Amino acid sequence: MTTLPAHSGFPWVMVIGLLPLLGVAGILLLPKAREAEARMIALGASVVTFAASIGMAIDYKVSGKPFQFTQDYTWIKAFGAHYALGVDGIALALILMTTALTPICVLASWHDAERLSPDDEASSGRGPRLFFSLLLATETLVIGVFGSLDVFFFYVLFEAMLIPMYFLIGSFGGPRRSYAAVKFLLYSLVGGLLMLVAVIGLYVTSAHQLGHGTFDYRVLINQVHISHHEQIALFLGFFIAFAIKAPLWPFHTWLPDAASEAPTGTAVMLVGVLDKVGTFGFLRFCIPLFPYASKLFAPYILGLCVTGILYGALVAIGQKDLKRLVAYSSVSHFGFIALGVFAFTTQGGSGATLYMVNHGFSTGALFLVVGFLASRRGSRMVDDFGGVAKVAPWLGAMVLIAGLSALSLPGLSTFVSEFLVLVGTFTVHRWFAVVGIAGIVLAAVYVLWMVQRTIHGPVTRAVEGFRDLSLREAWVIGPVMLAIVFLGVNPKPLLDRINPSIQRVNVDVRHGDPLPGAAIHCVRLPTRSSAAYSSSLTLSLAAARCPTGYVEFTSHVTLTSISTGSTVK
Amino acid sequence: MRVDYYLYLSAVLFTIGAVGVLVRRNAIVVFMCVELMLNAVNLSLVTFARLNGSLDGQIIAFFVMVVAAAEVVVGLAIIMSIFRSRRSASVDDANLLKY
Amino acid sequence: MYSALHAVTYAKSTGVFDLTFLLVLFPAASAAVLLLGGRRTDRWGHLLGCAAPLASFVIGVIEFFALISRDGGQSRQLDQHLWTWVPVAGFHANVNVLLDPLSITFVLLITGVGSLIHIYSVGYMEHDPDRRRFFGELNLFVAAMLLLVLADNYLLLYVGWEGVGLASYLLIGFWSHKPSAAVAAKKAFLVNRVGDVGLSIAIMLMFATFGTFSFSGVFTAVHGPGVRSGTMLAIGLMLLLGACGKSAQAPLQSWLLDAMEGPTPVSALIHAATMVTAGVYLVARSGAIYDVSPHARLAVEIVGAVTLTMGAIIGCAHDDIKKVLAASTMSQIGYMMLAVGLGPGVYAIGIMHLLTHGFFKANMFLGAGSVMHGNNDEVNMRRYGGLRKLMPVTFVTFGFGYLAIIGIIPFSGFFSKDKIIESALDKGGATGDLFGAVAIAGAGLTAFYMTRLMIMTFFGVKRWPRDVHPHESPKIMLIPMAILAAGSLLAGYLLVLGGSLQHFLTPSVGSSIEQGAHTISPWVLSVITLAVVLGGVAAAWWLVGRKPVPAEPPTHVTLATKAARRSLLGDDINESIFMHPGAYLTRALVFFDNRGVDGMVNGLAALVGGSSARLRRTQTGFVRSYALSMLAGALAIAVSLLLVRVG
Amino acid sequence: MTSTVLAAASSGAPATMHEAVLFWLLAPIAVAAAIGLVVARSAVHAAMMLAAVMMCLAAFYTAENAPFLAVVQVVVYTGAVLMLFLFVLMLIGVDSTESLMETLRGQRVAAGVIGLAFSILLLAAIDGGIASFHPKGVVSAEAGKGNVAAIAQLLFSRYVFAFEATSALLITAGLGAMVLAHRERTSARQTQQERMQERASRGGAAIAPLPGPGVYADHDAIDTPALLPDGTIAALSVPSYLQVSSAQPRREDPELGA
């Protein structure tokens, strides 16, 4: 193996990661008397960060190296830990989503961290300075997690991410915030510890093989061959950690509590951004590092995903609390994401990655509108609303669109990703996909029933005084809606960057995507009179569909004949 | 007579002292039992010195005595102050560490 | 017919055909302006709302003439590439619009009838404070419907498909403060979603089987070797499921009657003329797939025949004028389904009935709207009576529609419906005869319930309450009705004349069956059908027209009538099979999640906490107990050391 | 006797007949006294028992060629430490005999069983571990300087740091004891005037001095109560700690009966 270039291009990732920290520094320098300005600084820092990430996206070469803008410095020499950063298409998309959502979270939390009175003793430590520093710190850590190319570095950031989020929930949340925060922390820590064991195991394996242990991700995937038994053990360590983080059924019960107790901005950050680390981890670590174990466990994991899709949706139908409803719908959606990831097809993987981005916006939108509703009514209960659309038509429309995006209406971004996930699954695991499709009917049930009971129907007394969207709220929800519509109509720029990375992720698990059923038939039955024509037709079709150059066929066709067939176009 | 009889005696005295610590409730008597245990150990230390033909055992016994003296001073002062505040010298009454 | 190696290809659009995208863009842009512009656009919103479909109609007409001016040598199927939508490895979806005879036919129907209904709505919705929003949503519907029929691949079609579903949802729930409207809207969307599952599975099957889901790719590949008939049957059935949802065919028919909660122009445009016929369009468009799968065709025929009968029976029992018309729509779409299910060559006839139905049913809905408009939005026909004198124009235009639907010569319905019956009988065999008989019986039933409607509404004595003063509608409503009435009369001629429509549609849906293979002579059949129809009319007069209509529906009726009044128990079945068990399941799962899954987590935490608390009890605070345990510990350590030494 | 024992011991490590006599004489006494320490009801008795044990041990130390320790044992332990115990006992009340009822369930049984097991274990361990030893005696280690000088030499050479540390410990302990025993005055000391005012404010008989004890022909002890004019006993005339049931004036006395 050739040695990998340590540095390439402008260190965008580091810059983007450090910008929010600058904001944190600015906020901490503020005197207490001017602490309300913390939000201005936070907004400024996060917008600049977003602008920088746009710069990175423009600078990213679609057909360039697998990992771009890399940096690699030895961090802890004693056990081969590196400070290594870099992005591929998947990380690029997720970093963009993170930096786009953070200003929205800041704006959405504009009044959430205000003190009740200037010298409010009860909230002495919990002013806007703390809140917005924590929010920005979370952003930095999440960007670091997505951009990390060292397993140990990733692990450290992965665990560090919990700390600001713990305080965001535990200090600023609803009445049961400490229960929710502790539950969130303990759940995540359990997963994190399992992952730590696996990370150490990975190091030991690499030390056995290379003579010197390393955590360098690119070295690990290219030069270290992990035996099957080790793969199974290490895979489970990583998988459970990510499954808790994602969260996958049945590790989901922390999410409804955490998301419903957290203030709106935090909930968006938590469910929209932070949880993507779990599904991102599947793609970044589980599959490329442990292809054998991934293949071995895939059917069971797909079973979990499908269960989660239906389960999350059904439980969401039965929720009385709007935030919990959204949280359970996310459980369902995470089932879709993981379904696409573990289908090991380009459609599934790209769809899942796109889904992560879209879910950030779509669930973000839902949490935001629920936050708008709750801030007006002082309650999150579905039954406390009714007829909002009549009183506040814009607010009603936003609730409706957010809901439609959650049920994956074609034309909105979630549809593209959900369909890709299902198609990607369908080509290899037909029945999992079919059962998963039932989830889209259930999604319609919970969304529309929620819509019917909150914004439709006769205007209830409590709703009568609702004002429509304020200017700030419009600026919060507007960009999200724009992103949802834009990505629904033109997901190509993002998909073009994601696709090659996904194909690299899947290359060890499945060589190229499965051929259409009819094409395989043609090759299987070469005695048919028209076989010559049709097989060449379909094979050229197949070759066109498999940019990696791999074509997988059923057993009784020799590979040589196929590969000649597919190269002669 | 064998020298190790002293050791047997020491063991017996030590055990009696230990049982005394366990069954008596008067803090001062408990303390006396502790002293008995220390004395028993001293006896065995002196005997060990004789067995080994070195004075180190006696030295250690001496140190034990000094430390025991210090311990008694502090311990009795503690018992005094407890008695002052609680009007009781029973070790069972001083159970603030209870769960 | 397709030959085995005949690849379906579409020509690249040029010239005037590059304007195809404007068809969708006009109403879409107008919808965006009206919905995002807010109250600022209230003043002129309805004008823009009418202009958009009219502009599309004009372009449609231009393109139609451009299309027919292309002679046989030139392809009449023109594909315009707009942008690449979803490119993922083999999964390549484009946003392309396909202009071919089938789509232009629909374009003209949608924009033509749509424009008329828009104009009508200006008057109908005049007093509604949200008229601008109404027009915005109506435009959104037109845009989505046009996208549906112009898509050149199934995925884009799916976008339009759900888009019209969304518009339908919004418009049924237009008066969403009425709980009944909100529930009906939700129900329509949900039932459609079930159908959409079918459509999406069909698309996935196509992709998994052929590696493509564009029309040209799929229609070429179906004739390739190695295509298993089971797969084709599955695709056909899944497409049919989608069509059933959208077109309110059994077993997904239950939403249509409730959808009448929407404003009447919506019922006319969406739930009569256009959207509900999208299922027929889908089956006709997918003709190549059904051509190779006779079993799938049979399923389509059965669905059509069953719904045809069900709709007609339901129509006989309801007193709500819109619901009767809705049931009639179901029934008529059943005819179309039956036609397109009959397979190669009959697609065009189904489309023809679709067009004529678009005219006469829209006409009648607008008429019903006019009647309601004049009667304080009363929909119960038992509160009407004798309106022909007070609303003469409405009566006449409605009458045209009435004559068309029951199939009286020379109204349009006669031509299209007769052809369907004829084709069903021509299919031969037991099923052909059965379907033919059902179709003829359906014609009789149609005549019965429509005559009942006419009698209860326009004839007899007045039965409206004292404070209602029926009056004729304003001109802006009457003119569209008049135009549609003319269409109801003339459309049949124009379409049938020399098989013009069938020839025109040949590139899209294949050629017609050869003439002369009839089992029964067309003339004889027409006479039989007319006789049955007249029998139905007579029966209606005998049962309804002879005596005064009671103000309340009679309660001592047969079980069959009761079932028909409850829409043949469609809702009851859905409720008992899906809703109630679903509600129980949901409640059980919520309980399970709180107590089971979360309970396990919390239980684990409680176990740790509890055992710690129990362990804490050993800290009695008695020094002597601690001393005892210390001594015991010392003993244990000494013993174990000794054992290690000895052992 | 002591000189013979010393002479016998000084000759060598193995125990002589004299030492055996001494051992078998004093060992049972030591054990009996130790048991007495554990079972004695009164704390003062227990202290006496402990003194007996310590004296016995001092004798054993002399027999074992440790005269310095023997003296320290008598002077420091028996003389100082034990006296300290007795002082504290006096401070907190000599009469505080504890009831012999055990309050912790099973404590006594468990202590007995574990103690027995522990002693068996120790005895067995000594039996197994020491049997092979041949006592060397400490005389050789004294190098002719005598026990005290030899110990002194070791203490101030090899163990000098430990010795210094111990001295520091002793000082710390002394300070600690002072701190612990010191009672901080929480309020200002009452003047005599204030005490009087307080007494006057209480009113009643408390203003006058308490009545003295009764003085009779046959009794004038301090525990004899005085009689009030009506013939009843003046309870306040006898200090509370002397009020015992036996100390009643004899009613049968004819002169006192009135």
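A, B, C and D label the chains in the order they appear, each numbered from 1.
Note that in this section contacts are C-beta pairs under 8 Å (C-beta built on N, C-alpha and C of every residue); 3 or more make two chains touch, one makes a residue touch a chain.
The structure presented is a predicted model; accordingly, all values stated were derived computationally and were not measured.
Averaging Cα coordinates per chain and for the whole protein, the chain whose average falls nearest the overall one is A. The interface with the greater count of contacting C-beta pairs, when A-C is set against C-D, is A-C. One inter-chain figure worth recording: chain A and chain C are separated by 36 Å, centre to centre, where each centre is the mean of the chain's CA atoms. We define each chain's centre as the mean of its Cα atoms; on that basis chain A and chain D are separated by 77 Å. Note on chain placement: the centre of chain C and the centre of chain D lie 105 Å apart, centres being C-alpha means. In whole angstrom, the spacing between the mean C-alpha positions of chain A and chain B is 68. In chain A, no residue touches at least two other chains. Residue numbers of chain C whose C-beta contacts span two or more other chains: 622, 624, 628, 631.
Within chain B, contacts with two or more other chains are made by residues 18, 22-23, 25, 92. Going by the touch rule set out above, the chain pairs that meet are A-C, B-C, B-D, C-D.
Across the interface of their complex, chain A is touched by residues 4-5, 35, 38, 83-91, 133, 155, 158-159, 161-163, 166, 169, 173, 176-179, 181-183, 185-186, 189-190, 193-194, 196-197, 200-201, 203-205, 207-212, 221, 224-228, 231, 582, 585-587, 589-590, 593, 597-598, 601, 605 of chain C.
On chain B, the positions that touch chain C within their shared complex are 18, 21-23, 25, 91-92, 94-99. Interface residues of chain A, counted against chain C in their complex, comprise 183, 186-187, 250, 252-254, 311, 314-315, 317-319, 345-347, 350-351, 387, 389-390, 393-394, 397, 404, 409-411, 415-416, 419-420, 422-424, 426-427, 430, 433-434, 437-438, 440-441, 444-445, 448-449, 451-452, 455-459, 489-492, 495-496, 499, 503, 513-522, 524-525, 528, 530-531, 533-534, 537-538, 541-542, 544-547. Residues of chain B touching chain D in their complex: 1-9, 11-20, 22-26, 28-29, 31-33, 35-36, 39, 42-43, 46-47, 49-56, 58-59, 61-63, 65-74, 76-81, 83-84, 89-90, 92. Interface residues of chain D facing chain B in the complex, by the touch rule stated above, are 13-15, 17, 19-20, 23-24, 27, 30-31, 34-35, 37-38, 40, 43, 46-47, 50, 53-54, 57, 60-61, 64-66, 68-69, 72-73, 76-77, 80-81, 84-85, 88-89, 91-92, 96, 98, 102-104, 107-108, 110-112, 114-116, 118-119, 122-123, 126, 130-131, 133, 135-138, 140-142, 147, 150-151, 154-155, 159, 162, 166, 169-170, 172-174, 176-178, 180-181, 183.
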